[in-house]
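Two complexes, one shared chain (subunit A), two partners (subunit B, subunit C).
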Partner chain A sequence: MALKSKHLLGLEGVNREDIQLMLDTAASFKEILERPIKIVPALRGITVANLFFEPSTRTRFSFELAEKRLSADSVSFSKDSSSVRKGETLKDTVRNIEAMRVDLVVIRHSAAGAPHFLARCVDASVINAGDGAHEHPTQALLDMMTLREKYGSLEGLRVVIVGDIAHSRVARSNIWGLNTLGASVAVCGPKTLIPLDVEQLGVDVYVHLDDALEGADVINVLRLQFERQTQGLLPSVREYIRQYCITTERLADAKENLTIMHPGPINRGVEITQEVADGPYSVILDQVTNGVAVRMAALFLLSGGGV
Partner chain B sequence: MSKAKSLWIKSGRVLDPGSGFDKVADVLIRNGRIVSIGAVKKPPVGVELFEARGKLVVPGLIDMHVHLREPGREDEETIFTGAQAAAAGGFTAIICMPNTNPPIDNQETVQFVCQKAEEAPVKVYPVGAITRGRQGQELAEVADLVAAGAVAISDDGDPVRNSEIFRRALEYASMFHIPVISHCEDIDLRGPGVMNESYVSTILGLKGIPAIAEEVAVARDIAIAEFTGGRLHIAHVSTAGAVELIREAKRRGVQVSAEVTPHHFSLTEEAVRTFDTNTKMNPPLRAEADLQALRSGLADGTIDCVASDHAPHSSEEKEMEFDAAPFGIVGLETSLGLVLTELVGTGFLTLSEALAKLTVNPARILGIEGGALSEGGVADLTIIDPEVRWAVDCQSFRSKSQNTPFEGWELTGRSVATIVGGEIVYGRQEDEN
Partner chain C sequence: MSGGRSLNQIMDNKDVQRAVTRIAHEIIERNKGAQNLVIVGIRARGDYLAARIAQVIEGIEEVNIPVGVIDITLYRDDLQVVLEQPVVHKTEIPFDIGGRVVILVDDVLNTGRTIRAALDQLVDFGRPRSVQLAVLVDRGHRELPIRADYVGKNVPTSQGQRVTVKVQEVDGSDEVTVEEEPS
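Up next, the complex of A and B:
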């Protein structure tokens, strides 16, 4: 079996079979990660370029580790796109990639659609490692993998995504993927951070946290960027904390089997308390482990590997 | 140009939307003027013959909203190349916006444009700025601008934020009987938006420009026009709400006119899903309901004109991430084809209604010559093949820039000759695409 698309630009339009294939493949790679020798020659001779135009240590390390485990040759480039002239670097990059005969490109960029631009211009397969507020498909896949490990199936699972939905690529990719796998998705956040017509994505929308948390199996907590306050989208971070911070008290009526997720990095005490992040419901560290497995799967499947 | 020549346009369907004249007839031109419309019995000696059987002979088309990049960005367009693109697109007159560098906010720059225009194949009329430097702070010297040849004033692209200044602009402009052309947009509501705010912007994660950014500004400008009695022309209307506001205002007798671009009545925000930067323009492509409202607004006369908002940008500037790319697309060479295909071909407008939006209406709004066919009148004409099917190929554009979202579109109907002051300034070869 192989994926239907040459690229992994997002989870919009990716069907159930392809998502299952990526998750199954990730599960088998995870076994390798648990062996003493955590390396397979699956991508020997394949060159991967990691292009990080936005600071991200976690995602970059995760991809780099995945590439090492698969024996790929990889080069990494990281530059904050806010520090370079807009547009310049992306075009330069295209030329460089063509010259270097890269097979796979992993790109993180602050502008939505930057991976699509690349995919149009180069022969290599492109993996979107997060583009603006658009998509972050490998994050959603690792979230789904983590949930599948715990619940067996996502069918009927009530997943609540809490926080800055408007600016979150994690939320968007999760909504597409979770809906495809039959979960029931809700989003919750202040009205000013809920994007227009989001309910058309097939999600329930809540502005009050307690309403949203009723009956939740999973709470996926998003990171709050403090600049939302200066942009006039929030009166204050303090008020955000009072209304949306996931605390032990808020979880008093939670299901026994509740799962707390966070894509990281966490603002402890802002969107989630230390106690909850490190508490019994949290799977935040499993997410990190699964991140490597999912990225191995994506790299492997897009490099032409079949299972 | 030599004006002693005569031209005999034979057996075309002569259609003059202003007078309602619509007959197969000959048009005889001499000394840059139309001598007769009707059968030519005794052709003058040495007359040049243009066989127009099966073609439409109409008043020269006028595009009242184009951006020529001279002075400032001559690498993207000059007055001359913009005029060439206009001629190729069937336009005999274009009206150029003042957002050049330096801006057209003083007499010298108006004169510069008018001088350049003399060498251009079509008529080029400058629009002067409303405010000095297009900064929205102090009125430009409007009397001087008009004296030098400006036909309207506008701070297009940077709408006048200060309502008091906009009020004074309408009052002041009314002394010279020129319209104030308003790019209606509330800059705060637009914010850093790059596309229509909707479900599509939500899933693409692109910052949205809400319809209310336009509608709030249209409502304000109409209120000020109504109060002052000044003449307001609303550029590139893009939302259903704006159409309704203008319709209501016209019903009340406010002196307001409006234009729509071919891209806004042909494309919706769905086109942005590819992240192709040639779908990035301001106002942005809107929703299907907006497109339908624009077509209805054209049909019932709420929207008076079609204008291209021709905005050339180099491929260097457009080939980048969506957020960073500039707004705007070229339009002079696709405008007529889109009008004929999307409005006439679909039955939204009759041929005569559609052509009025490109001829008599803009001429009346701006008070410029042309836009009509009459004996003794200026010989600005466009000859159109209404049946020819052609494919848009940006490589063949006369414009210096190729930024079009219509590449590869199959259109029906195209100009075959453009005549300015009795001279054929553009003639399309039979095999030419």
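Up next, the complex of A and C:
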């Protein structure tokens, strides 16, 4: 079995078989994280460069751990401590790193499409760790893995994504992936934070949270990015909390096996209350654990044999 | 299975059953009982043979034998060479192997590279007192200094032949065949 693509740039257009293969492989890798010696020699001799042009703790840590667990050698780079500050272009930065014989590049960038651009100009396989408001495929995969663990299959699940849909790469990747695996997806948020024509991605759109939550199996709560308020997209944070914060009261009629997810970092008391984030429906920390397994799977499958 | 290949059955249902029973007895005899034993099968046929050997031993000795499964894919030495990437399955050793006698079980012993990978993986789980190897078929052609402690059947083969083991649990019946690889 092998993936159709040499890169993991997004989940748009990735077929069911490839997503299943990544999730199955991740499920097998999860066991390694429970071992006394948490390392396997699978990627010995493979070198991975982690290029983080945008701040990240969770994702970067998760990729670095995944690389170590598979015995890959890795080098990491962050924007502030590199030649990018001296004005080097993205292409030059990566060409130089590739000249040092790197097999895989993990990239996070504030510009949508940066990983795609890279994939065209280097020989290494590229993994998108988040590009602007476009895609964050490994986050969506770990969300799907977490749901598959709990429900067995995603077929027919009703997933509601709440918050700033317009600026969310997590939302976009989730919509594509979930639809491919047969879940039904709804998005809910203030009109100003919902992209025009989002229905074309195959989702239901709600402005009122209580309508959206009716019959939901899963609520994926997005982080509110405070800078949106200064852009005039939100009347006030307090208004947002009143309308969209996930609280225990709001979940009074929820299904018994409801799942609450959050990609982190959480603004407690803004998009979700303390009580719900740490409550019985929450799988937020399972998501983090699964993140390492999913990234191991992506690295392993893309490092491929024979190429 | 394409036409033109000659199929040659070398063990049938009963032969496999007898071999499993004999191996189980030999394991008990060699270890003077089954007190400290754990059995670990290698995917994807050795795990079923491991469970059967454990069952026979449990029947005779009236003790509970822990059975584990390992998938050696991530420990293969040809991962970067093979054209088609193998699917990774779970390793399940939900017990401590430290200080225990581990019986490693596989269906066919050939080059010994699978066993090398399995041994490497096993020591990542602890320090067994000893490891013994049981195989249903030993076909020769070793590329590493590895030998089996318990052998169901020695089958001298040429390198151009293929040995296939089928087990009831997956394939519907127990059978070992040798066929000519189409050149």
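As a convention for this text, the second predicted complex is superposed on the first by the 294 of 307 C-alpha atoms of A that agree within 3 Å, B and C clash if a C-alpha of one lies under 4 Å from a C-alpha of the other, contacts with A are read in each partner's own complex, and residues count from 1 in each chain.
One rule holds in what follows: a contact is a pair of C-beta atoms (placed from the backbone, for glycine too) under 8 Å apart; a residue touches a chain by one contact, two chains touch by 3 or more.
Since the structure is predicted, the reported quantities are computational estimates derived from the model, not experimental observations.
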Query raised in the report: Do subunit B and subunit C fit side by side on subunit A after the overlay, or clash?
Result: fit
**Report entry** Touched partner set for A:L301, first subunit B, second subunit C, both or neither
**Finding:** second
Query raised in the report: Is A:I37 touching the first partner subunit B, the second partner subunit C, both, or neither of them?
Result: second
**Report entry** Touching partner for A:M100 - first (subunit B), second (subunit C), both, neither
**Finding:** neither
Query raised in the report: Counting only touches as set out at the top, which of subunit B and subunit C does A:T25 meet: first, second, both, neither?
Result: second
Requested in this report: Check whether A:G45 is in contact with subunit B, with subunit C, with both or with neither, and answer first, second, both or neither.
Outcome: second
**Report entry** Partner chain in contact with A:L285 - subunit B first, subunit C second, else both or neither
**Finding:** neither
Report task. Please work out whether A:H116 is in contact with subunit B alone, subunit C alone, both, or neither, and reply first, second, both or neither. Result -> first
**Report entry** Where the C-alpha centre of subunit A sits as vertex, the angle toward subunit B and subunit C in the overlay (nearest 10 degrees)
**Finding:** 130
Query raised in the report: Between subunit B (first) and subunit C (second), which does A:E12 come into contact with in this model arrangement: first, second, both, or neither?
Result: first
**Report entry** Shortest CA-CA distance in Å separating subunit B from subunit C in the superposed model
**Finding:** 29
Query - Interfacial residue positions of subunit C with respect to subunit A in the complex - result: 71, 73-75, 78-92, 120-121, 124-126
Query - subunit C contact footprint on subunit A (complex, rising order) - result: 1-2, 21, 24-25, 27-29, 31-32, 35-37, 39-42, 45-46, 70, 300-301, 303-306
Report summary line: In the complex, subunit B touches subunit A at residues 197-199, 201-206, 208, 210, 274-275, 317, 319-325
Requested in this report: Within their complex, state which residues of subunit A touch subunit B.
Outcome: 12, 86-88, 90-91, 109-114, 116-117, 131-135, 167, 169, 172, 195-198, 200-201
